[in-house]
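What follows is a set of structures for review.
Here chain A shows up in two complexes: once beside chain B, once beside chain C.
Up next, the complex of A and B:
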């Protein structure tokens, strides 16, 4: 295994971990089934791309896109994260306010399919189905992007992001706010009855998730340098759902584990499948199709046999309020 | 103007296709409380069943019966061996939606290596053109409309005038009470999946005939239009789905003439968003999307 491959794997793993933590905050902790998660990742990627790229008249204008600001490193990533958060506001306002949870899920699924078809057909907006190519990564003007140093640099830039996201997510999960989210997930009416505003809670976590998803897209696009509608079809969201379900809904460690087991794991396992099996050459589309079948079976299997996942959400038990001394002694006498 | 009259003609066929599909989808939801996101893929599977039967030299209308049978069996099995066990286990609505999406993914990707990525189309004898005040339709297109009207009348008759239809409505309203009244809800639900599956199969074939060609990837587009029509009418309401299909079908085809055909689904989606903001319970439903989960 050479260092390029290791770096690629590390960056993919980091992006998937960040994405799974965001999805876990929305789906695992708060019960929002965000079937358009990939759209938030994608807007982050597109934003980061157009912020870091030269205007589209450069390079002989072979691709068409809006923007092209050539901004230096942290801005595209920050911009991607902000874009994800901004997109969450209108989407959340339409979907999360009045609708029942299963309607929310199908509306978001529909949004995911439609957004993809719009971007694909609107060629002058973000270069349509062909997608944007040659996105410059951070510092690629100072360090040769093909060098080994650059690979290490990229991993070095990515890891702090993972840690930051991890920190924010654990703070949210363990805070009183996180408790309110879980209360809402378990019983929305009861949570409302004790004064929690479910719309506000949902909107907040939807935006937080959008920001993190946008960041994950920005990190990914800087590394792979291309972003096209075929990268973010709605089944991509299902992989992340599979990861969170396998890892353990509501548990950040579980989400991280799921990210390593499902998207990264599948990526690795496919590499090990030989091109010919005993002289039989499988048709080129068979293996990817079977991977998708496996993802579907994984979801169904886990929901049937182990719905809590590999690392279940910890049971948070309220130990009870401290009982005054005199009451304890009065009880024992 | 002529363009719009012609678009209206296309609209009528779209309405027929969407109505057949959306009524099946919405009945599954209304009676068995299951948002079956695999519906679009089942349509595609049935479309391919009819495609192979058609390619073997059988008339496409006869192939449609084969597709209806395939849809009935597949939907029945899907419910029996996947959805019903999870529902009995007490999986919540969200879990069921995720499971149906996973089922859709599995169906599509089992189908893909078998039929390939290429688009397919039926060999249909379009028959002579019929013209009427600028409206131009082929005989085959008229036949699609007739099939849709007959099926809608059949659904209406079933729900209003038969014991089975009454039992279905009772099960939709309150399954526990229905069972306590001696209605064999299990058998009723089996019948629902068989019937809606057959509708789904017919819908797959007419959708394939209507859109020149189809491929495995068409399932998502079908599903979105169906969801739009069903939600617009009030999910779970067969008559609502018919009205929803009427509106979505006509508006999308007119918009295709006015804007561009690529954005048909976007227009359907815009209608869906407007409905969700302004009247989330749909046009007909009394409870629908606003009702408490469960």
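Up next, the complex of A and C:
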């Protein structure tokens, strides 16, 4: 494993951790089944791209896109995060106010499919199906992006983002506000009856999740330098759901574990599969296809046998509480 | 509070609630006496729970007017009514299952500056000032209802009777002015029924207005100052249990058996 590979893995892990923390805030903590999550990551990526790229007349105008402002870091990343939050407002207002939660999930899934096909076919906005390429990363005009130094620099820019997102998410989850979100997840009608405004709670966390998702997209696009509709097909959201379910819904540690186990873990494990098995050469698409089977089996398996995930949501015991009997017995088992 | 001098806190005028042609509540008008416990009785399907839900805003009224504390709240959403002190409980268990018993109480507290995004982001040091008195208040309620040992258990693992208690305590955390109770005693152990009974009387002394749906008539008789009888979506009588027992059509409709 060389340092380029290690840096790639680290950036992907960071992006997935940030994304899973955002999805966990929406789905794990608040019960919003956001099947269009990847759209929020994607608008962050596109926004960061067009903020950092030169006008599309550059490089012989081989691609077309709106914007092209050539703005320096950190504006593209901040812009990506803001774009994710702004998108959450109209989507949330349409989907989260009146619909029952199962219809919310369906609407958001459909939104994801529609958004993808619109961007894919309307080439004037973001270069259509080919996507946009040669997105300049932060400081790439000062440090050679192919150098080892740049790889380290990128990881160095990414880690503070993970820490910031972690801090924000844990303050939310561990606060009375987080408790209201969990109460809404458990029983929305009862939460309303004790004075919680479910629309306000959902909109707030939907926007917060959108901001964090947008940031994750901005970080990713600066590193891989390309963004296209094939990067954000709706099944990508399912991978993140698998991660949150496997890791453990409702807590940030679980979301982080899930990000490391599912998207990053799969990436690593499939690398170890040999190209030939005893002289037999598997068909070229077999391994990617098997990945999807495995993701599906993971979700079903965990929901069936361990719905709380690898690291369950912790029970909150307050200072000065009497020790409950079942905690004592659980400790001895 | 000089309750008798106040106009009624909660007034319903000609309230209707239709479900696809079915008139669950069909023109109910009542004034809930302030500072008293009023029973709402009637056979199954009389529309008692639906009426309670309409008063609390869980279900919108199809027609009619609801006035609370002098203000028309007919179109006010349920959460806003609860914040103003008009609080209901549910007939079916409605605990927050994967919150602990203590958290079920704490979450209902209306004033906690950690209960907003900005408050949460400022961290524990900012909101703990509000949280600690609420923890003490909630523990006081738990002690009173004999559930101190359960405070750190998940509410979803409690028995039916304990869930009922959690719900009443949760409603009380809001410091309500009017409490709408939907069969608060059902499924509760007799000794706890006594405890609830005493506590409701104490709340009444403190000036709380209570409207409760209840099937156990001996409880209604002991606890309620007056009673409203509903059948088939309409009010068919009201008064004390003693006077109601003398009205033949009410006895026929409900009180027999």
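Note that the second predicted complex is superposed on the first by the 316 of 333 C-alpha atoms of A that agree within 3 Å, B and C clash if a C-alpha of one lies under 4 Å from a C-alpha of the other, contacts with A are read in each partner's own complex, and residues count from 1 in each chain.
Quick note on the criterion: a residue touches a chain if its C-beta (ideal position, glycine included) is under 8 Å from a C-beta of that chain, and two chains touch if they have at least 3 such contacts.
Please read these numbers as outputs of a predicted model, since none were measured by experiment.
Novice: Pick one for A:241: touches chain B only (first), chain C only (second), both, or neither.
Specialist: first
Novice: Look at A:179 in the shared chain and tell me whether it touches chain B only, chain C only, both, or neither; answer first, second, both or neither.
Specialist: Only chain C is touched by A:179; chain B is not.
Novice: Could you tell me if A:315 is touching chain B, chain C, both of them or neither one (first, second, both, neither)?
Specialist: A:315: touches chain C, not chain B.
Novice: Which partner does A:190 reach: the first (chain B), the second (chain C), both, or neither?
Specialist: second
Novice: First (chain B), second (chain C), both or neither: which does A:292 touch?
Specialist: first
Novice: If you stack the two complexes on chain A, which partner ends up touching A:142: first (chain B), second (chain C), both, or neither?
Specialist: neither
Novice: Could you say whether A:198 touches chain B, chain C, both of them, or neither, answering first, second, both or neither?
Specialist: It touches chain C, and chain B stays clear.
Novice: Based on the superposed arrangement, let me know which partner A:168 touches: chain B (first), chain C (second), both, or neither?
Specialist: A:168: touches chain C, not chain B.
Novice: Which chain A residues lie in the overlap of the chain B contact set and the chain C contact set?
Specialist: The answer is residues 189 of chain A.
Novice: How about chain B: which of its residues touch chain A in the complex?
Specialist: Going through chain B, the ones touching chain A are 35, 37, 82, 85-86, 89, 91, 93-99, 101-103, 105-106, 108-110, 112-113, 116-117, 220-221, 223-224, 227-228, 231, 235, 260, 262-263, 265-266, 269, 272-273, 276-277, 280, 289-293.
Novice: In their shared complex, at which residues does chain A touch chain C?
Specialist: 168, 171-172, 174-180, 182-183, 186-187, 189-198, 204, 208, 250, 313, 315-318, 321-327
Novice: Report the residues of chain A in contact with chain B in the complex, numbered from low to high.
Specialist: 31, 33, 35, 94-95, 98-103, 105-107, 109-111, 113-114, 117-118, 121, 189, 234-235, 238, 241, 245, 283, 285-286, 289-290, 292-293, 295-297, 299-300, 303-304, 307
Novice: Considering the complex alone, what residue numbers of chain C touch chain A?
Specialist: 56, 58, 77-80, 82-83, 87-90, 94-100, 102-104, 106-110, 112, 114-117, 119-124, 127, 130-131, 135, 148-154, 157, 170-171, 173-174
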